[in-house]
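The structure that follows is given in the form of structure tokens.
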Amino acid sequence: MKIGFYPGCSLTGSSREYNESLLAIAKGAGVELCEIEDWSCCGATAAHNLNKELSLSLPARNLALAELENMDELVVPCAACFNRLVMTQHELSEKEDLKKQVSDKLQMPLKNNIKIVNVLQFLEEHIVPRLDQLVKSPLTIDVACYYGCLLVRPQKVMKNERFEDPMLMDVIMQKLGANAIDWPFKTECCGAGFSVSKTEIVGELSGKIVRNATDRGAKAIVVACPMCHSNLDMRRPAINTYLNMKMDIPVIYITQAIALAMGLTPRQAGIQRHFVPVNLTVNR
Amino acid sequence: MNELIKKAVALLESDSVQVIIGYAEGTGTRTRAIFITRTADCENLIFDSRCVQNLAVYLTKSEIKKLGKPAIVAPIPVLRSILQLAVENQITENDLVVLGITPQSELVDFESFAAIEAFLSTHQIVIEEKYQETIREIKAMPVTERFAYWVKELEPCFKCYACRAACPLCYCTRCTVDNNQPQWISVASHPLGNLEWHIMRAMHLAGRCTDCEACYNACPMSIPIHLLTKNMLQDVTENFGTYGPSLDKLNTLSSFKPDDKESFIR
Amino acid sequence: MSKIGVFICHCGENINATVDCARVAKTAGELEGVEYSIDYKYMCSDPGQTLIKQAIKEKGLTGVVVGSCSPRMHEPTFRKACQEAGLNPFMCEMANLREHCSWVHDKNEATTQKAIDLVRTLVEKVKLNKPLYSIKVPVTKTALVIGGGIAGIQASLDIANAGHQVILVEKDPSIGGHMSQLSETFPTLDCSQCILTPRMVEVAQHPNIKLLTYAELEKLEGSIGNFKATIRKKAKSIDENLCNGCGTCTTKCPTKKIPSEFNTGLGTRTAIYVPFPQAVPNKPVIDKENCSYYQKGKCKVCEKVCPTGAIRFDQEDELVEIEVGAVVIATGFNIMQPSEFPEYGYGKYKDVITGLQFERLASASGPTLGEIRRPSDGKIPEKIVFVACAGSRDPAKGIPYCSKICCMYTAKHAMLYQHKVHHGKSYIFYMDIRAAGKNYEEFVRRAIVDDEVNYIRGRVSKIYEENGKLIVRGVDTLLNAKPVEIEADMVVLASAAIANPGAEELAQKMHVSYDSYHFFSEAHPKLKPVETNTAGIFLAGACQAPKDIPETVSQASGAASKAIILFSKDELSRDPLIAVVNRSPAPVFSTCVGCFMCASACPYQAIGEELITNRQGKVIKKVAKVNPGLCQGCGTCVAFCRSKSIDIQGYSNEQMCAEVVALLNND
Amino acid sequence: MTEFEPKIIAFVCNWCTYAGADLTGTSRIKYAQNVKIVRFPCTGRIDFMLLLKSFGEGADGIIVSGCHPNDCHYTSGNFHARRRWIMFRGLLDMLGIDVRRIQYSWVSAAEGAKWADIVNSTVNTIRELGPYTEYEKVAGYLEKEAKQ
């Protein structure tokens, strides 16, 4: 089985640590990820508001490339990329003529049958079964698992029965030895695309998330989306301004949490790249 | 098969049955069906690998019924047919004595039809790989070529109806092909009549056929009509689950599940 | 030799505009066996029908084909006309030249040619038609009513008052249904039990009603006028004739902590119990699942204390067979368990409850004696939030439909709360207010204006607990469309009304159809709202779709009147389009070989056995036999029969073959 | 040369598809003239022999249509029919009889537009497949016989 890998732009820029930690744990678990040769933009976040055909063609090109490389499964860690790729696949599978149109435009064959998985689904299938052996240093802390919006939606495509209260990340964190707290902000909006244009809105929305996690005793917020991460981490000054207090709770990617639990060094997990310092007590 | 002969003699002597339906030596190396009513003739009974004719076909024939209650020599294909005939209300447990024969040529008694079913559950119908291969090959042909193939295969058929006569499940008083109001099938043996006849025969065996191959063995022109029923058998398994005669299951085509799956209805 | 008459209708210009009717008539007249052919402006009009009648008489026609509209429209008209002229009505067939031809094609040669083909096809069919005669079926004048809620109670009383026998079957130990659980009813705020219990007593005392509680339908066979129902009377573990309902057993039973179904889990009951004080019949049953004796083999306290010795531990379920002529289904509805949406925290937070639970809190006979106290600590909530459409109108929850009753009962709940907790504050999150009904809108206005209930137009996204409060987060979509947060003490979810569990199974037992939400389907959404597709089975109340009490009661009376109409005659007349097993001369008798695959395929159990005997009485053959009272004429058996020994009148093998041949041979 | 006009026969049940086709008419939705309907009480009544007969009599295509699952007027005729079609279709396919020439569908009394769509798409399919010459050749023996 050949597992493909589509990093997308964030993982080569603002969320390099997400990329590094994912590849590190995959390597540690002996799972090979093959990056798509010559991958291109997925079209998020602007294309689907501007040009329908373009918004389908951009992701479809990457799907077609993955097919050409005979990939059986495609891991898409960025939640926004994942959402675009999955939506494209769903829409093209329902409309045969549209698929043909896109395929003609790309001048590439498109079977549109590759299995696309987000990072949580990938971990569940390939890493979780091996965790018993892999976990060297259990994370014995309370964590708040934060899913955001794009990982679980839209429901008709994701078929997630608990899309208002997802559990997958919680289950993985429990396996790492952590205690995933029960909290109501799992899928709350972080401010998303306002990250650049209206930071005060991000401050308010993300601020509520950060405060609630802290109030409920979490020692870290765990995420699986570059956008969530930058809003909760990089926009901490705006959050602190809104809350009128300094919040110290770190925000880590679930892949980083696994890397740390596997006994990889904080540097291998890319911890040093965060704005909010990460000081997790890890049982060695 | 001394044991078989002994058993036959005992059954006739005690008047438990009036006729033994079994196998005897035929012309040359072939075997034939024998209907024994006197103990003295019992020594003609044989059983070996050459005995492939499905004797169950005689159970519903009026000429044989007239002879009285039968005991029937029943290797596995015959047992399957007996069970299917029971499912279809053609025979009851009191109508006959079954002299079962295992694949190891051992004589086995059956107390009831249920016992036959239990025995057969360990001897499921399996379509041999060579037939599966042939069916795959035929299905791989382009559709027009496949049609031409069958028209050619069916061409030698001259409607002797040996296939019908040999099949234990073709026990109708009046076959549809003999019905002329309306004339469902043209009786002459031209390509259309042949095609329609074999389609109808196969459909009438859908979900009933026990894969004894009696039809093919009886065909004087060796037309591979058993491929049609074998293919249907595969279709039944694929679409509706396990296959084989069963006393408490309804027949495949006279039953249904609300969630039966198909992919072709719009 | 056939003498067929062909009558082509112009239907004004409806057919003639695209079909050359004159040419169709002319061409048909040249067909073999056609004696007379004519076209006319309106065949269904009086002169048109006279034309047919005269031709039958004057030309001695043996069959008639009318080329006009759909037979679903006018087949009865033309068959009646034939009958009046002395021709057997089943010798008349119709070619659908309007719906299937003139209205769906443009005017051209091919359209006229298609009309000719259709007429020729029916001419060939009618040549093979045989005179048929209606089947008379006697009617059993007893009705079976399934479900003892307000719908079943109303239907039973109406039928019984018309002088017919009724058997009312209720699955619970008491009749009363959901209505008996309600506090007060909108829009009048009269006490639900006060108006219901007299009806319950009337049912119990009515000489024409036989009440079977703690019983369920096991099987239903037969057809209109003559059903045979098997009822499972579940073991109550008491002798009802001896029990005087004194209630000693229920007070002494040591197993007391069972959540009460009647109180929606907010109260408890004992293992031997009467669901509620006003129950009818007011006699207990033992809940075997929770009884110490049945579970552990020890106890028998009830037996010791019973003054009449009525306890029967060895009682078993009993199956009774009854014969009825009509069935009224009144099995009601259920409410969706809101635990299906984790975002509202139902099940996780004790003070998030359903509307039905609120009814019990507000009911004077409820666990709090009518005081609004929250389940977690018994405190009176100062702030209460009602969430309308909890599940309803939400395709993501699988319920796209409106539950219809929630807008009204939520307004009522808020009103009752305000009446009982004067200083309290109540909020209702809603999508729309659907208050269509007599005095309904006024009622909602009263809640808003007089009782100062805060209506917030918007949905709730999430409910969570923080510092002992339930934080309800939603949106106010009016004015500034702002997110709102309310710190509530209690939340009431108006969870969706759904079909009863087991509705699907029940429908299959009775061969009635149901929709994708498992509500039973009416025969026609407008014109046959209380009939099902199975003749003789009628619908009442919320088993067909969510509805309120007045609507339920009207529908129940409607269903009852349908049963009464059915019982007004001694005999039913049925179309003879049924299956028949052939007979042939001895020694064959019938070509049927008795494999009985037709019997297992028959949806109506209409096929039985017939033994053919010789003069000495010896059985020579066993063949299939169709019971004309049960056969509905679907013809599934016919397509099954390998030897073509069973055929269906009106759609016989010969007729259908003739149609195929005629339709395809037009050159 | 005139364009090939497919000859298509439709076997439909009285309660759903026949009524649905009536609705197509009352809605005045136009469709091709090639399809002509034979009315049956139920899809359960539709004998596979009639489908066979249709090809023998020169049909280029066949439509078989009835009530959606769970909607059968007789509760289960369509379920029986569905099993029979599954088996029949498999057999025809094995024999090289082009299964694309038989369109099965569920059309309810409310689906007038769907009926028009089924008719038109079937006519298009058969038009693309062309006349069923392979079967006609086989059936042709009959006519020759009759002429002699």
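Per-chain numbering from 1; labels A, B, C and D assigned in written order.
Here is the rule we go by: a contact is a pair of C-beta atoms (placed from the backbone, for glycine too) under 8 Å apart; a residue touches a chain by one contact, two chains touch by 3 or more.
Computed from a predicted structure; not experimentally measured.
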Any chains in contact with both subunit A and subunit D? C
Of B-C and A-C, the pair with more C-beta contacts is B-C
Measuring centre to centre with CA averages, how many angstrom lie between subunit A and subunit C? 49
Using the average of all C-alpha atoms in each chain as its centre, how far is it in Å between subunit C and subunit D? 33
Nearest whole angstrom, what separates the Cα centre of subunit A from the Cα centre of subunit B? 62
Touching two or more other chains, which residues of subunit C qualify? 601, 640, 653, 657
Touching two or more other chains - residue numbers and ranges from subunit D: 48, 53, 70, 76, 80, 84
Got a list of which chains touch which? A-C, B-C, B-D, C-D
Residue numbers of subunit C touching subunit A in their complex, please. 341-343, 396, 462-464, 466, 471
Quick check on the complex: what are the subunit C residues that touch subunit B? 588, 591-598, 600-601, 622, 640, 642-645, 653-654, 657-658
Residue ranges of subunit B touching subunit D (in the complex, touch as defined): 135, 138-139, 141, 143-151, 176, 184, 186, 188, 190-192, 195-196, 199-200, 202-203, 206-207, 227-228, 231-232, 235-236, 239-240, 252-258, 260, 262, 264-266
Residues of subunit A touching subunit C in their complex? 155-156, 162-165, 183-184, 188, 212, 215
Hey, which residues of subunit C end up touching subunit D in the complex? 70-73, 96, 98-100, 103-106, 110-111, 113-114, 117-118, 121, 508, 511-514, 533-534, 577, 601, 603-604, 632-636, 638-640, 648, 650-651, 653, 656-657, 659-661, 663-665
